[in-house]
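The two complexes that follow have chain A in common; it is paired with chain B in the first and with chain C in the second.
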Partner chain A sequence: MTTLLGSVSSRLRRPVGRKGLAPALLLVPATLILIAIIGWPLLQLVIVSFQQFGRAQVFGQAAPFVGFDNYTRVLGDPQFWQVLARSFLFCIVNVVVTMSLGTLVALLMTRLNKFFRTLVSVGLLLAWAMPALTAVIIWGWLFDTQFGVVNYLLSQVTGIDFTGHSWLIDPISFFAVAGVIITWQSVPFVAFTIYAGLTQVPDEVMEAAQLDGAGAVQRFRLIVFPYLKSIFLVVTILQVIWDLRVFTQIFALQGIGGIREQTSTLGVYIYQTSLGTGDYGAGGAIAVIMVIIMLAISIFYVRQTIKEEAL
Partner chain B sequence: MTRFRLPIGGYIALAIAVAVMVLPLLWMLLASFKGQDEIYSLPIQWLPSSFGGANYQAAADAVPFGSFFLNSLITTVFGAGIKIVLGLMTAYALVFVEVPFRKFFFGLVIFALLVPQQIVIIPNYTLVASLGWLNTYQGIIVPGLASAFGTFLFRQHFLSLPISVLEAAALDGAGHWRRLWAFVVPMSTPTIAAVALVSVVTEWNEYLWPLLVIDRPNMMTLPIGLTLLQNTDGVTNWGVLMAGTVLVTLPILIVFFVMQKKIVAGLTAGAVTG
Partner chain C sequence: MSTVTKNADLAVLDSAVAAMIVPPSPRRASGRPPRRPVSGHRVKRRAASVVFSVIAVIIFLCSVFPVYWMINTSLQPNNEIRGPIPNFFPKDFTLGNYSTVLFEPSRSPFLPALANSLAVTLLTVVIALVFAFLASLAVTRFRFKGRKAFILSILIIQMIPAEAMIVSTYRVLDSWSLLNTIGGLTLVYVATVLPFTIWTLRGFVNGVPIELEEAAMIDGLSRTGAFWKITFPLLAPGLVATGVFGFIQAWNEFVLALVVMSRPASQTLPVWLRTFQQANTTTDWAAIMAGSTLMAIPVVVFFLIVQGRMTSGLMSGAVKG
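Moving on to the complex of A and B:
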């Protein structure tokens, strides 16, 4: 079995037909765009991160090189470490919750008849289709201090008056709300992909295991999980990357009523340092550090893929 | 996989899960019909007193929704369309053509998948600004084209296609270009549908980038225009804002429903082969 990003080395297609300009024509446009949009800016970013680059430089003044100045400044700033720790913690919690819920929904979906499964798919699709900003606006309102549904229902159920309780002012509950929104939008992708994988687990194996007296948990741990290991790996890595670089949800929630200093994650922090404060050098340094972190997280997977490709 | 019967508790858990998924959307829809007094009322009024379109009218009056919609449509259709064509071409070359440095190109694609767009956003901004592309369609569209997700899914799917068909086509004298569009593409519709949907949703919902390159209201896309609606007056008029939100979400939901069946099949095909 191969996966979303996995390799199919044994079936690598041999070329057919004559050669000519075609290969170049097919590859050139996309490669040019990748180089122009990702390669070139990345190079710029690295350069800027070694320069003193402020607002004056944006308007054309020469940017002097300052060596590792920006990096020492960033790494010496306690706020950077707070942001980094916060981003990682938030990311880990989100990934664990998203993966568990997604797997659970996928497992449940395999046991539904066609009608209910379609119903669940449509629900998942709806949440997935919602623009991130729109989702934040709606959830932000559900959690509104004065007229939010959550406060109202909590007051009704517990008998304690929650009216006026602010969910966004306290960093912990700010991230709880942000986590709910992000999980809400990420579960569908995980659930669909894992469900797709589950349909590939052979019936005979599952039946045999059941006859041998394996319980549901055992069947999942001993059969389903090994079968889907590569899918779990890919989806987890994608989720880590996506959740670590989360921007819109945090940025928009801060707009509704969070304290920026206490709730910024890496993506938002880069934006604030660069465009907010105008310190593009430091912003570039943080961005470069973030790319290195991303690469480090996924290097294991990339190496494996490239290695298999080489066959 | 064997379909074991789901115990009643499972159905209840699922019902709750689906409810949590759908209720915020329902709440948005209901609120878009409520008047200001119905929204700012305690205890909470669940249903609007009437289903009139006053909020929709107010939203349309406050900001030029027509031009927002047109801008979103143009950037989405072109952005997603070009992205899919480029992805198909790249994936075809990576799978079916003996390209030199095939590994290098594939590495490039993986790398592109890893680098978060927002990290290259500042250099891209300077680039776009220096080209004089601020407040233009190409300014919104072009930087978004550097997406590797489609190339990945296409490549994965192409690897599962029967090579014999392409060999026969080659013997009949079909060139690469014709083989791609006349043979490979028709055999890949579910995957293309899945990638198309993901691309359309991403383009349509894109927030940060258009926010940076666009500051003229007549060039704004829907998500950016929505913030304009949010900021028009001091007190948030939730009814109007929700009406605007419905207008932003509706087209995507329609696309979703039209393509729903193909999409799940496409994800399955892309996720697991063999």
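Moving on to the complex of A and C:
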């Protein structure tokens, strides 16, 4: 609190730094690298999306401009719409499941004694810390057709022989496995963040509501939720962004045993269209569409961030 | 006073059960929580905490089991894990899979990939920290035209999905002859982590009151001297936290490394792990799990060190203070 007030007051009476070159010089390295590695490729991406750009162009032929041809081609392709719908559906299911589980785990953590809370935290941290690719490979092994422990346990529990059951061939169960992996790794962030928020809700308010006869659900809806609204908002937006971008999990699972055509999400589809099929023009158009979608969603995050934090 | 608190505590517990186990029962319109015999409270309370503890243990097991299974598999000979009944503990304990991964030259080589990963990661951390530090100074300690625009563009750039940019990045690096080079991938990673790093460090620098510097300047230090002697040491935790964030990002990154470092000799660990998994899936899951464990260890260690700060960094937009 003191530091907060301190920084506010200092902002008001801050001596304006030596005018002129100093701030510009300080910004030069970061700006240069962002322009070169993000700005320039982004511009190239937009340009390519308006060109006819195939394998021949990779080997040096001139790329003719074709206007919006790539876009009309992409938007007229039913496969693109399938991929888009699949990506959004997968994202929404993941976000709903992750947010619900994360919130429940956070609520549970407020009710646990220290020992069990630490136990839960350690488990969540471990799952969170796993590199995404490692996580996919581990789960690929757990769900292995022949020797996977999941098939073994299911056979034991249900009495039906699951040996040899492939989880990745069927698109629905492929996405179920992908969803489990993503949820396993995303719930910790949600749970920890919301738990941190829950500890900020003043006890007195909760007690007062309690004495006035508010039930558990009412207390959550009328007190906890309003207190944590901005946290819920930001976490949800971040989850939407992360789950819509999903690449590693899908790409690596396809490598372990999925059918590409039926399981690609946006990012993987761009990769396949460009590097796989060699249609860089169409790949570029899809990529531009994806950037636009992501930035449109991020506006909420950026707005919220600016609102809460003085620039 | 104390009895009120105690009652409230008990009620919190049993309404928590209501919220999580059974649907909420309709409450009376007004008044205090219903009085119940003390023994009833105690039974309820004990039941609630037992139920919660059981759920906690289940969550713990679900979170930890995959990691445990990775380590468990990596410590068994390959023929042991290919039986009809999996071993839940390593029966024939062996480190053979690790030596296979590390030293068997006929397999795709782990050590060069490790060297590449280390080089790229360390370079990324150092360069990103220096550049981000300079930029965060500019936006916190100076007022100038375009300052807000710069911060805003940092926030927006952070949201451009790398997944959409891979092909374009590949082609640009190709045109600069930077494909399959440590330098090329480092540049890409620096650009990837810079926005977050600048944003986080900005918060840390803002947290150090400028009065401290002013006081030092009154005592005769120069502006630069005051900064280095007073503010910089206070920023150490921030630098460590953002540095570790960069480390984790660069160490784990897979998508960009996949296209930028496609040549076997220049692979980083994630790309190596995928190649290794592709080559051995039908034959040697034990070695794959040993490789996964080796790759996960450093990042798990670093992660455990800084997880608290990572959460607060990401959430700086939502949580104040």
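By definition in this document, the second predicted complex is superposed on the first by the 275 of 311 C-alpha atoms of A that agree within 3 Å, B and C clash if a C-alpha of one lies under 4 Å from a C-alpha of the other, contacts with A are read in each partner's own complex, and residues count from 1 in each chain.
Definition applied: a contact is a pair of C-beta atoms (placed from the backbone, for glycine too) under 8 Å apart; a residue touches a chain by one contact, two chains touch by 3 or more.
Only a predicted model underlies this, so the values are computations on that prediction, with no experimental measurement involved.
After overlaying the two complexes on the shared chain, residue contacts for A:Ala62 are found with neither chain B nor chain C. Judged by the touch definition given at the top, the superposed model places A:Val157 against neither chain B nor chain C. Of the two partner chains, both chain B and chain C are touched by A:Leu27. In the superposition on chain A, A:Ile172 makes contact with neither chain B nor chain C. By the touch criterion defined above, A:Val201 reaches chain B but does not reach chain C.
In the superposed pair of complexes, A:Gly267 makes contact with chain B and with chain C alike. Of the two partner chains placed by superposition, chain B and chain C are both touched by A:Val120.
Residue contacts after overlaying the shared chain place A:Leu233 against chain C, while chain B stays out of touching range. In the superposition on chain A, contact of A:Leu211 is made with chain C only, not with chain B.
Residues 1, 3-4, 6, 14-17, 22-23, 26-27, 29-31, 33-34, 36-38, 40-42, 44-45, 48, 105, 108, 111-113, 116, 119-120, 122-135, 137-139, 141-142, 146-147, 149, 152, 163, 184, 188, 192-193, 196-197, 200, 206-207, 210, 231, 241, 245, 247-248, 251, 267, 270-271, 274-275, 280, 283-284, 287, 290-291, 294-295, 298, 302, 305-306, 309 of chain A lie in contact with chain B in one complex and with chain C in the other.
The residues of chain C lying in touch with chain A in their complex are 4-5, 8, 11-13, 15-16, 18-20, 24-33, 48-49, 52-53, 55-57, 59-64, 66-67, 69-70, 73, 81-86, 130-132, 134-135, 137-139, 141-144, 147-148, 150-152, 155-157, 159-172, 187-188, 190-191, 194-195, 198, 206-207, 209-211, 214, 223, 251-252, 254-255, 259, 270, 273-274, 277-278, 281, 285, 288-289, 292, 295-296, 299-300, 303-304, 307, 311-312, 314-321.
Taken in their complex, chain A has these residues touching chain C: 1, 3-4, 6-7, 10, 14-18, 22-24, 26-27, 29-31, 33-34, 36-38, 40-42, 44-45, 48, 104-105, 107-108, 111-113, 116-117, 119-120, 122-135, 137-142, 144, 146-147, 149, 152, 163, 184, 188-189, 192-193, 196-197, 200, 206-207, 210-220, 230-231, 233-235, 238, 241, 245, 247-248, 251-252, 255-256, 266-267, 270-271, 274-275, 280, 283-284, 287-288, 290-291, 294-295, 298, 301-302, 304-306, 308-309, 311.
Residues 1-6, 8, 11-17, 19-20, 22-23, 26-27, 29-31, 33-34, 36-38, 40-42, 44-45, 48, 58, 101, 105, 108, 110-113, 116, 119-135, 137-139, 141-142, 146-147, 149, 152, 163, 184, 188, 192-193, 196-201, 203, 206-207, 210, 231, 241, 245, 247-248, 251, 267, 270-271, 274-275, 280, 283-284, 287, 290-291, 294-295, 298, 302, 305-306, 309-310 of chain A are the ones that touch chain B when the two sit in their complex. In the complex of the two chains, the chain B residues touching chain A come out as 1-6, 10-11, 13-14, 17-18, 20-22, 24-25, 27-28, 31, 39-44, 86-87, 89-90, 92-93, 95-99, 103, 105-112, 114-116, 118-124, 126-127, 142-143, 145-146, 148, 151-153, 156, 158-160, 163, 166-167, 170, 174-177, 179-180, 201, 204-205, 207-208, 212, 223, 226-227, 230, 238, 241-242, 245, 248-249, 252-253, 256-257, 260, 263-264, 267-268, 270-274.
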